[in-house]
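Down below are the structures I want you to see.
Presented sequentially are two complexes of subunit A, the first with subunit B as partner and the second with subunit C.
Now for the complex of A and B:
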């Protein structure tokens, strides 16, 4: 019998799960709260480690939806737990009795204004990783005007308990090194610095990217966290850090500072999380049933998770989780059919 | 340290001659294996950092006891030609 599967979130996780489920003979409904599909990917220009175009990847994902029902500008208005299903009212007025729900709600980028000492939103020449991607895509940002000295600050809102996050955001090191190379390619005369605590280049080809940044682009890596930034009268930035490898305090004047905002839990999700009685972790992300074997399941039967809803993920990790979640949902629905009704 | 005051000219010459100087990952293998380091403070890792920070005399003093035995070359995980690098640093920065 045809079952209803509701997918919350039209970013990479939701899109890939929908595409994986479309031939299963079930009725797939995908909802996205914003006006377009793609989530954060729609805002990105190129992807680490090899620089493939985010748009090309997203276009492939959207093309493979191929007939799946989806609603943009649509959120959950109400969700109730029934015996073997979830009764959902969408913000567009449609009601769905979902036999399985996949939460593919993604993440929020850390709001860099909260790290006041870095001056985002106060000093003109301080931007974020997302702002820089916007510029790579559109070339529209008056702050980026032939900078000669550019700095990247890793771990902004990550590994920082005072900003509410002890954990590593996983993707910012590779993103910073990628962006450092890209901006150096745009402005070959510029000196580019990366301020890092540890470089976590864990994935395939990431270490190659690091070597390329050093060797081909001459990016200078400084081990130390930027402690403060001050704007000068000419709008340049005085940046202070410790060079922890030589144990000496260091200062440098920069024309542009890029903050690598980390991955934080989606705030929009809170009402749904509470209605579903889902536990969250200390860091605010949804808890999976266990952290090794049942990554796509939650404490609630029929409720599944994929992607950054449970914590920072790379794009390939997210896509793999989405495909895994699709299989687990089908297996859950098949098992459910065999059980006698209460 | 003030990076605004670092003289980039000599460093640029060094990088041209020895592109490997930009590729150090700061692991410290060279320093740990250094035969000269047993007797006198010697560290290629620290010397490369000192050069990037504009501390040329400090860099030279960190390499002054080097006997060019090449053990650092054998242990470098990035496969950098450390021995030749030390020679080039002496050449460029010992000029008066």
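Now for the complex of A and C:
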């Protein structure tokens, strides 16, 4: 008998899980709250470490959905826990009796305005990593007009208790190095600085990217945090930082400052999390059943998680989790069939 | 500059400021530096706006200068502060307004420490009882006097005789606002507008017709920083801080500076003379320097007080060019006369251009 599997979230985790489950003989229903599939990936231009086009990756994922029912502009209106299933009413009025639910709701980018000292939303020439990806993709942003001096600030809203997140966002270092190389390629005469705490280039080829940034692109890496940003009379930015390797304060004038906004829990998830009484970590992400062996399970039977809903993840890690979640769901449904009904 | 972004932050950092009934404590040094500012605050709030602002001669220093110079034990400074609060309760008040920014920062820090360490609060209450025989109390609202003038800024504007505009051209004056470091840098939520883009003085300038300048070193210390000035060997740091600020604000051509701290107007005012003497450089038009005011002085000017009753003759940088620009009348012959007509004595000519310094 066909089972209903509801996937909440149409980003990379949800899409990959749906594609992995579509030939399982079950009904897969995927919902996405925004008007398009892809999540943050749809906004990105190229991906680290090799510069693959994000759109190409996303197009492959969407093509793999073939046969899966999905609804965009759709959210959870109501969700109730039954004996072996979940009764769900969608915002489009459709009711689903789901035998398993996968939460793949992703993340929110940290609101860089909260780091007031950096001046995002105050000073014109301060932008975020997402704004820069928009420009790479569309070439439409009047703030980026042949800058001669460009800075990247790592760890904006990550590893920062003051902003409410002590965890590393995992992807910002590699993204900053990637974007620094890309913008240097666009503006070869520009001087590009990266202000970092530690460079966490842990993945395959990430370290190569870091070396390439220094050797081929001449990116200057400054180990120290930016303390404050101010606008000068000619609209350039005065940026103060500390160079911890030379133990000296530093003041530079920049034409553009890019803030690497970190990964924060999705606020859209909160009503569903509360309705399902799911525990969250101190940092606001959903708790897995355990942190080693049962990463895709939650404390609730039939309720699974994949991707950044449980914490910051790279795209390859997210896709791996989605495939793992699909296997776990099928295993759960098979085991459930063997159990006698109450 | 995205003004809407600032407005968003200002709306995030609004503190509750009661409308009336305050216990007022003065600063240790302001009556020497800017002698009429506190008297003007009391006159405006009590006599022009009809508010109940109580003060007693029995209050003392808060101990802040000693605290920031590391010359007083923590329990001692806390007991001094507890005594101030106890006097407030004794006289039947629960809203506490202080004239000094350092005091405001110290009170905020001590209240927060007591909140985090109740056993310490208990100890201080005991020490207070033993040493002074007073009952321990904490204010319901702790307010800096500039918060209160900010609260009343529109009432003051309604009674204004002058605006912060060029009387001849109608153009708004270009005003630098400088906030004392201990106002909100330690506890952003306790200051109007927060720490990065404080609104407390900006709100006054907006209400009184001026235009605020946002310059790169706006957040930088005025140069009073205790260790920079009290330790003689460090005084060049104090001067270089002030110099850095003036170099940064110079391209914006400010007409005046308004401050809310005891030390800031003093150092921003006096060090201009030292910079002029040592380097020959002056800021502001015609080698006159940029006049620096307390917020009470500016409120007084707007409300039509006689400039000499506001103590503006004690400033290093001459204020007359700005008074002329504002269209505020003054009698040059009365500049160095006290309220009773007594001759206060005329200082050496320190106008940078007239004194032959440059």
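Everything below uses one rule, namely that the second predicted complex is superposed on the first by the 342 of 342 C-alpha atoms of A that agree within 3 Å, B and C clash if a C-alpha of one lies under 4 Å from a C-alpha of the other, contacts with A are read in each partner's own complex, and residues count from 1 in each chain.
Throughout what follows, a contact is a pair of C-beta atoms (placed from the backbone, for glycine too) under 8 Å apart; a residue touches a chain by one contact, two chains touch by 3 or more.
All values reported here derive from a predicted model rather than from experimental measurement.
**Q** Tell me which of subunit B and subunit C touches more residues of subunit A.
**A** Here the partner covering more residues of subunit A is B.
**Q** In the superposed arrangement, does A:22 touch subunit B (first), subunit C (second), both or neither?
**A** A:22 sits against neither subunit B nor subunit C.
**Q** Is A:43 touching the first partner subunit B, the second partner subunit C, both, or neither of them?
**A** neither
**Q** Mind working out whether A:280 is in touch with subunit B, subunit C, both or neither, as first, second, both or neither?
**A** Once the two structures are laid over each other on A, A:280 reaches no partner at all.
**Q** Is A:116 contacted by the first partner subunit B, the second partner subunit C, both or neither?
**A** A:116 contacts subunit C only, not subunit B.
**Q** For A:231 in the superposed arrangement: first (subunit B), second (subunit C), both or neither?
**A** The answer is second: A:231 touches subunit C but not subunit B.
**Q** In the superposed arrangement, does A:211 touch subunit B (first), subunit C (second), both or neither?
**A** first
**Q** Looking at A:124 after the superposition, I want to know if it touches subunit B, subunit C, both of them or none. Which is it: first, second, both, neither?
**A** After superposition on chain A, A:124 lies in contact with subunit C alone.
**Q** Could you look at A:248 and tell me whether it touches subunit B, subunit C, both or neither (first, second, both, neither)?
**A** A:248: touches subunit B, not subunit C.
**Q** Mind pulling up the subunit C residues that touch subunit A in the complex?
**A** Contact set of subunit C toward subunit A: 1-2, 5-6, 8-9, 194-197, 214-219, 251-252.
**Q** What residues on subunit A touch subunit C, complex-wise?
**A** Result: residues 113, 116-117, 121-124, 228, 230-233, 238 of subunit A touch subunit C.
**Q** Can you list the residues on subunit B that touch subunit A in the complex?
**A** 1-4, 8, 15, 19-20, 22-23, 25-26, 45-46, 49-50, 52-53, 78
**Q** Using the touch definition from the top, list the residues of subunit A that touch subunit B in their complex.
**A** 191, 193, 210-211, 214-215, 218, 220, 223, 243, 245-246, 248-253
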